[in-house]
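This is the structure I want to talk about, given as structure tokens.
Chains here go by letter, A, B and C, matching the order in which they are written, and residues are numbered from 1 within each.
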């Protein structure tokens, strides 16, 4: 196995393969940056071109492109508050807030560095997991997936903020999100739920228009209200130095970054959880790592840890998602589903063979992810200063372009005007939520996890009857759920006590 | 788009007004033009890959070698694309499209939202047929249909009503007495395969093409098929022969018929006959093109061209079912996403 | 009635109405289909009404109630802020209407032009340059390269 590991590195560095990988990186850079281009869509568009390539070249190209998308997507999220990709929305909360404080360079540095570390951890996990991956994935069935979704939903309580009232609103947002996820045809009886006779809604609400509306519109409104550039009237530090500060932040909070990378990898490995989940769980974990109530309320307003968490997770999950794709032919994310098509086109069959006969190829994929991300981050650092300067452009120039990107970004979801309606609806909703102090993160989490929870609940119940509650991993996850709910409540009570004991 | 539309419109009008003489003089209607193939699904799926494959080789077989572009119009299991092709796209031969073969059943059972009439489309043909099969995990002891009938319970994972993973076993369960327990809710057929490996479910139904890699790998074994045969599954029992109930037989026949035209291609209603001839010949010839076949084989896409007449025959067969039969069918075959 | 008209009450009320509608719709569904909507809808309805009551009663502890999320800029005069908010929402909605009327490819440069001139009050040169940039991106990338399907604007279908 060791020689396959080393061989994998060498094949990536062969002339032609390396050049093709660079081409993929170049494409992926722009795809991630522009909200209108989706990573999955572009992957699909590239499929016909790999027909003539050898397997190593084909995957160097596709993976080179794909692994970069989460990294540059963070850039758009930080600078403009528009999610560059569906998976980089969480970075907006603190990343863009930092940009508004004039710390765009620092936020970008943190996002890029954490992305790199996340990608490395993900790739590393992929390499290490190869011997154990099959038993690991096989032990997580529908009951466990249901419980994972429940743990995720319970997490909403920690994303809600301090105080009983904030908790109430957090739950309201979460419940709303859960309800929105149920739009569409139900898989049990084939009944159309909440579709108002609209064909467009049969498949449910798409993540991208919801996210773009929820996050981009309030930011645009805020920008219009302030009447200044994104960075505002604050004195500009040296933006270049800012980026370096961001890198240092990543190492200051090194273990947090690593933990969030691991969370991302784990969620990526679980087929069926999808790409939208990892960033929010990581974000929630970063919030939980705050020491006290004061620190916690700083999240969403420019705490660099809110950038590190999702930045790392949305890259590491790609490495994780590759695992079930290669080992079982079950895609861990929508991009992976398309990558599977590439496997078949190359005449490869995902499964035990990939971990055996084609081990070198598998390791070459790992190395591609490592190298592609490293190259991207290094190159981006040179551009960071220029990119950060965009936050000094007057808002009235930027707004039409941000709106343009937001509209077209939503539209490319289904190429349907309905996408724009969804975008506007959630845009208005997002604005109302900000005005009313309802946190948006729980809504997103509920939206992303709702269907997963429902489907796996029914699969578990129909298949196993009530006995699935007694499975060992399920019991562990039930305990974890209780912990996740109770821990912040305990903290809150302790904080309250401390506040009451303070001399007034 | 406005400039393109204006140019195209002027050109199309010019062609139709000047008409026959120009055509007789040999100027091809596709010279310097763009042919758009509308696909009812997002990029990367099966229908999309077939369209892109054909899009690559069609220019060779169309005089004038137009540029071909693919446009994705997903939604409502391709009903949105079908509606668009039916009433919005112009019948000038510059827009054609592909959608779900099961839209025949959708029209028969009067699914809400259906605004097309498959009989009125200008049919080009179908690129492939596909069998629907039921498979079980290889380590299970069921080798023949009788084995299965004796079994206490066989758990089949599905993605929900409205897909072949669900409808095929649902009809089997109702009419052949096999004790199938359907577990719907998996997000994709690939997730069902993983569930099979986990021994969470025992088997899966669905398109032969998509299950074939797993059969080759040895994970599952096919046990029943529908009336469409294909290399490798010729000897399997056919579902219609496993039931004595005439209603069951009829429902199975109607369910199976559209899979003969698994990858349908149409042009909007009213496309002129001469243009249709070009398109039909182009598709037929492309389906015999050696390079296309080689690439298709490598990508594991079967090519099995059915002409427009055959396609219309299938459509007619399904749509001519009497109303009571349509209602019965609607109980088992829901239209889904 | 001041408590009733502000956005907090409005949102709580909206939440309650959405939950109410969901529960009402679920009455017609088979049990399995209706289970989750009810499990989510009932708490949503209850909590929304609770929040609504709290909002109307003016219960708003300033120290608590801060969401883990950003807050709109506070340092602009409320009158000015409200005018600008209405303005930007009008522009956003107007963009949508423009897309419906003229089709996406034309609406984008048109919107950029109008916004830069009317809202931003920028000079002609800058406006035209940026309009050109937006037109290039729209036509070049999204139309010619990606071939996204854009329905004709309503204006054009009327002219036919």
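Just so it is clear, contacts are C-beta pairs under 8 Å (C-beta built on N, C-alpha and C of every residue); 3 or more make two chains touch, one makes a residue touch a chain.
Predicted model, so just to flag it, every value in this text is computed and none were measured.
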Centre-most chain, if every chain is reduced to its averaged C-alpha atoms: A
Taking each chain's C-alpha mean as its centre, the one farthest from chain C: B
Approximate Å spacing (C-alpha centroids) for the pair chain B, chain C: 38
Separation of mean Cα positions, chain C and chain A [Å, integer]: 23
Interchain centroid distance [CA atoms averaged], chain A/chain B, Å: 34
Where chain A touches two or more other chains at once, by residue number: 45, 186, 188-189, 415, 454, 458
Chain B, residues touching no fewer than two other chains: 71-73
Multi-chain contact sites of chain C, meaning residues that touch two or more partners: 104, 148-149, 151
List of chain C residues in touch with chain B within their complex: 103-106, 143, 147-152, 156
Chain C residues touching chain A - in the complex, by the definition given at the top: 7-8, 10-12, 14-15, 18-19, 22, 25, 29-30, 32-33, 36-37, 40-41, 43-44, 47-48, 50-51, 54, 59-61, 63-73, 76, 81, 84-85, 87-89, 91-93, 95-96, 99-100, 104, 108, 111-112, 115-116, 119-122, 126, 130, 134, 137-138, 141-142, 146, 148-149, 151
Contact footprint of chain C on chain A as seen in their complex: 34, 36-37, 45, 93, 96-97, 159-166, 168-172, 175-176, 178-179, 182, 186, 188-189, 191, 193-194, 217-218, 220-222, 224-227, 287, 296-297, 299-301, 394, 396-397, 399-401, 403-404, 407-408, 411-412, 415, 417, 420, 424, 427-428, 432-441, 450, 453-454, 457-458
Touch list for chain B against partner chain A, complex: 42-44, 48-49, 52-53, 56, 71-77, 79-80, 83, 112-113, 155, 157, 159-162, 181, 183-188, 190-191, 193-195, 197-198, 200-201, 213-214, 216-217, 219, 295, 298-300, 334-337
In the complex with chain C, residue positions of chain B that touch it: 1-2, 5, 36, 38, 69-73, 88
